[in-house]
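Both of the next two complexes hold chain A, though its partner changes from chain B to chain C.
Entry: the complex of A and B
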């Protein structure tokens, strides 16, 4: 039971981080391999704000999220927007991998390779409910993820800009023919994807020790989640994020933590064997 | 025939896709207020010509003038703002979005919500399917219904020029007739229509003007009636010259324009 609750709470944060990745892929057909290191960059932003400026981790997000949005917009404008043609998706892996290496190297230089963890009063304290102990940070992280994902949902389904994003997700040429500025939508989506990832980075940094190399482990998990959920499917990222982490936690408790990491990928192999398009993906003629 | 004031002028247009010119020195005028149909064999450059109007293909040489604006070099968005809307050959509705959302997106460039609402009401009156299936996903509609919703969507900008690229593609004969009737209706509502059609005979019957493209050149232009009855063109592209009310002998029909 505890593992199940833990899985849902942690999984929602993974879902938040993976949503950024799948949004970027859905609109732009770009696989942003740098998403893992961008989570860590978000964590380091929070680390700097809390240790050097004494700003609360959640309050600090008011700075981190816009800052990460700007980072995303700059990466998109300078590097990603130049990718065109049929090789675009494949090239995006190489380009964003190079970006990831540069960010990782810079973070190592600035913060050293020592592991860090974000601290605040709610990071180490728990409360008890029905005999189960809930660490505050997991609950707050869950609420943050739910809040941000709900805001994203409202933006996508209740606003004109959201409609233009969904139209661009579906068919870029048709979107351009009704007057949607697909380039602008792409830039903003990349910024949004990186921004919400940065928010996830704060929770990740508060619940795990991290250094710049942690991004590599994260990106494999995030890619697994969006492939399982269906590439480009926002709902899929949410369900798959929670499912994967819950399965991992339950396997860790019931069998052994040694098997828990592997269970992540076993779930992927089993689901893809039955549904190659992922849980909520659609088979399409899109060629990567 | 509609009043013959020039609306769009193609002047010495050369355009292609990088592998040589598809359009070679195309020059003709689209008069205001009528339906102008471009016909010609496959590969003659009909669709490319329409793409130059909507900004999807940029001509290498020449000018396309619409109400004193040269459209060459403008983005599709800028051209939309001038009141030129294209309905492409392939279905272009967003399948996962509702019919109403699709139609509303037609007015994406309009900011005033009241204006959008009143246009939506107008479009619903003209196309009952938009009201009847408002909340259904566009992907659940039949091909003909999707085409009507695309027409409805393009009218949300209240365009002055509607550019239709083979709207009959994939439609059954019954739907085809209602589609052509709708084109005429849009025209009667004040839109100038520029149309490319493989169903050349049916399209020319409802057209005020006809243009025959052949191998990237304008081979002939005139009234719809003249093009339809031109003996040489009729033999080449329309399955034999005929008058408006006499069907061509089936054996001489080389392009099967009229599946009915």
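Entry: the complex of A and C
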């Protein structure tokens, strides 16, 4: 039971970190392998605000999220928007990898390689409910993930801009034909993807000790989540994030931790053999 | 000891005085993890190597040649480390090679050096896999890790039955450094009235330790041994334990708490109180050569003796041992250096004596256990019990954050 609770709480945070990745791929067919280091960049933003300005971690998101949005827009305008043609997706891996290296090196220079962890009164505390301890930070992280993903969902399905995004997701050429500025939508989507990653970064930094190299450990898990959930699917990222951590946790507790990572990949292989497009992906086009 | 160390640092002063002071720089090749999982240790090693090079150059260089370190990054990758040493040897034509960080990377590095006839003197490849490979060219200046936890095991099993932990949990990464250490400890502790209630291995690539830590909590073990390779692993366990309101009577981690100020910064001094770690050196060592090195380190990088990472001393010792070999063999011939280091000679380093057996293990040192005490402000030797430098173990461990 405890493993199941852990899986849901932790998995939602992974979903939050992976959402930007799937949103960016869904709209732009860009595989952003810099996603891991962007999570860490978000964690460092929160660290700076918390340590140097005494701003609460969650309150600091009011600054971190817009700042990360700007970072995303700059990356998209300067690097990603220049990628064109049939090789665009493949090239995006190389370009975003280079971006990741530059960010990692810069963070090492600024903050050194010493490990950091975000601190606040609720980071190491928990409350008891029905004999189970619930860490505040995981519960808050879960609520933040649900809140932000819900807001993103509402934006996508209840606003005019969301309709533009969904149209771009389905068919960029057709969207352009009906007057949607696909270029602008792409830029904003990339910014949104990076912005939401900043929130995930804060939770990651509060639940893990990190340095700039920690991003490399994250990217494989985040990519795995969006492949399982379906490339481009927001709901898929949420379900896959929770599924991944829950499967790993249950196997780790019931059987052995050594098999926990492998067990998730077995689930991944089984799902992909039955649904190559992932749990919520579509075969024929980019999906929402 | 101080005199011999100074002799090693200045091993070339004799050569210099013979008129070789203007000789060309001698390149020493090193691959270090300047990014990736081992980056914190890699940077510390870099500082240790650079500190040694600075000292040796100030003393006239190595056999009259100024030392130039050719350091490249392997990003903590066992495949990149092979490429790096091959490049250092065949393209950069370095004269000597120093080891990378970790057992995981040292084995492929040593194999590459062996293929090229180079000696690989290193300080962080102490796992059994290094020595079972029976390479003739690898020399680990640090105590082999397999028995790192032996003093701890001896101490915990010798406690009076009334206060001895009755249950113990082991959780270790499947890293070639940690797993043998923890397995050995488990075998030494077994049969002494301490029941193993949890013993599991987790993958080295794990990033989420919540469920493993929760399983340890559920075991209600009074003693916990964590096979960690770095600060994040042990920090994750500590955080999960605190969140579960679970404070074992004793916790020891194979790595992490030895990272000095980096560990304290990550976990907080209050939480560090009582945390134990095995090692063969600490910043408060009374070894005069070590005290000199610590003083220089603090002058250059700041901080306190307790905050000096043990990696610094390991790296510095590598330089000292190589310097002694160069001096004794009269130059940079790797075959002669290998032969000399296998000759049974004892060399003094900041970590203490260094004497290699046939597979490159240094059996001249003693394993110690260290512990953070006084609210996480001091890092002291607590084992072996009865050792003149050892203080009383803080036992049971204070509650988290106290």
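One rule holds for everything that comes next: the second predicted complex is superposed on the first by the 284 of 288 C-alpha atoms of A that agree within 3 Å, B and C clash if a C-alpha of one lies under 4 Å from a C-alpha of the other, contacts with A are read in each partner's own complex, and residues count from 1 in each chain.
Everything that follows uses one rule, which is that a residue touches a chain if its C-beta (ideal position, glycine included) is under 8 Å from a C-beta of that chain, and two chains touch if they have at least 3 such contacts.
Everything numeric here is computed off the predicted structure, so don't read it as measured data.
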*Considering only touches as defined above, state whether A:64 meets chain B (first), chain C (second), both or neither.*
neither
*Is A:22 touching the first partner chain B, the second partner chain C, both, or neither of them?*
neither
*Using the superposition on chain A described above, determine whether A:167 touches chain B (first), chain C (second), both, or neither.*
first
_Looking at A:12, would you say it contacts chain B, chain C, both, or neither? Reply first, second, both or neither._
neither
_For the overlaid complexes, name the partner, chain B or chain C, with more touching residues on chain A._
C
*asked:* With both complexes overlaid on chain A, does A:181 touch chain B (first), chain C (second), both or neither?
replied: first
_Touch test for A:35: chain B only (first), chain C only (second), both, or neither?_
neither
*Name the residues of chain A shared by its contacts with chain B and its contacts with chain C.*
none
*Across the complex, what residues on chain B touch chain A?*
54, 56, 76-77, 80-81, 86, 88, 92-97, 101, 104-106, 108-109, 153, 157
*Can you list the residues on chain C that touch chain A in the complex?*
34-37, 39-40, 42-43, 76, 171, 174, 200-203, 205-208, 210-212, 214-215, 218, 230-232, 235-236, 239-240, 242-245, 261-262, 265-268, 271, 400-401
*Given the complex with chain B, which residues does chain A contribute to the contact?*
160, 163-164, 166-167, 170-171, 173-181
_Give the list of chain A residues in touch with chain C in this complex._
2-3, 6-7, 10, 104-105, 108, 112-117, 119, 123-126, 133, 135, 207-214, 216-218, 221, 245, 248-250, 252-253, 256-258, 260-261
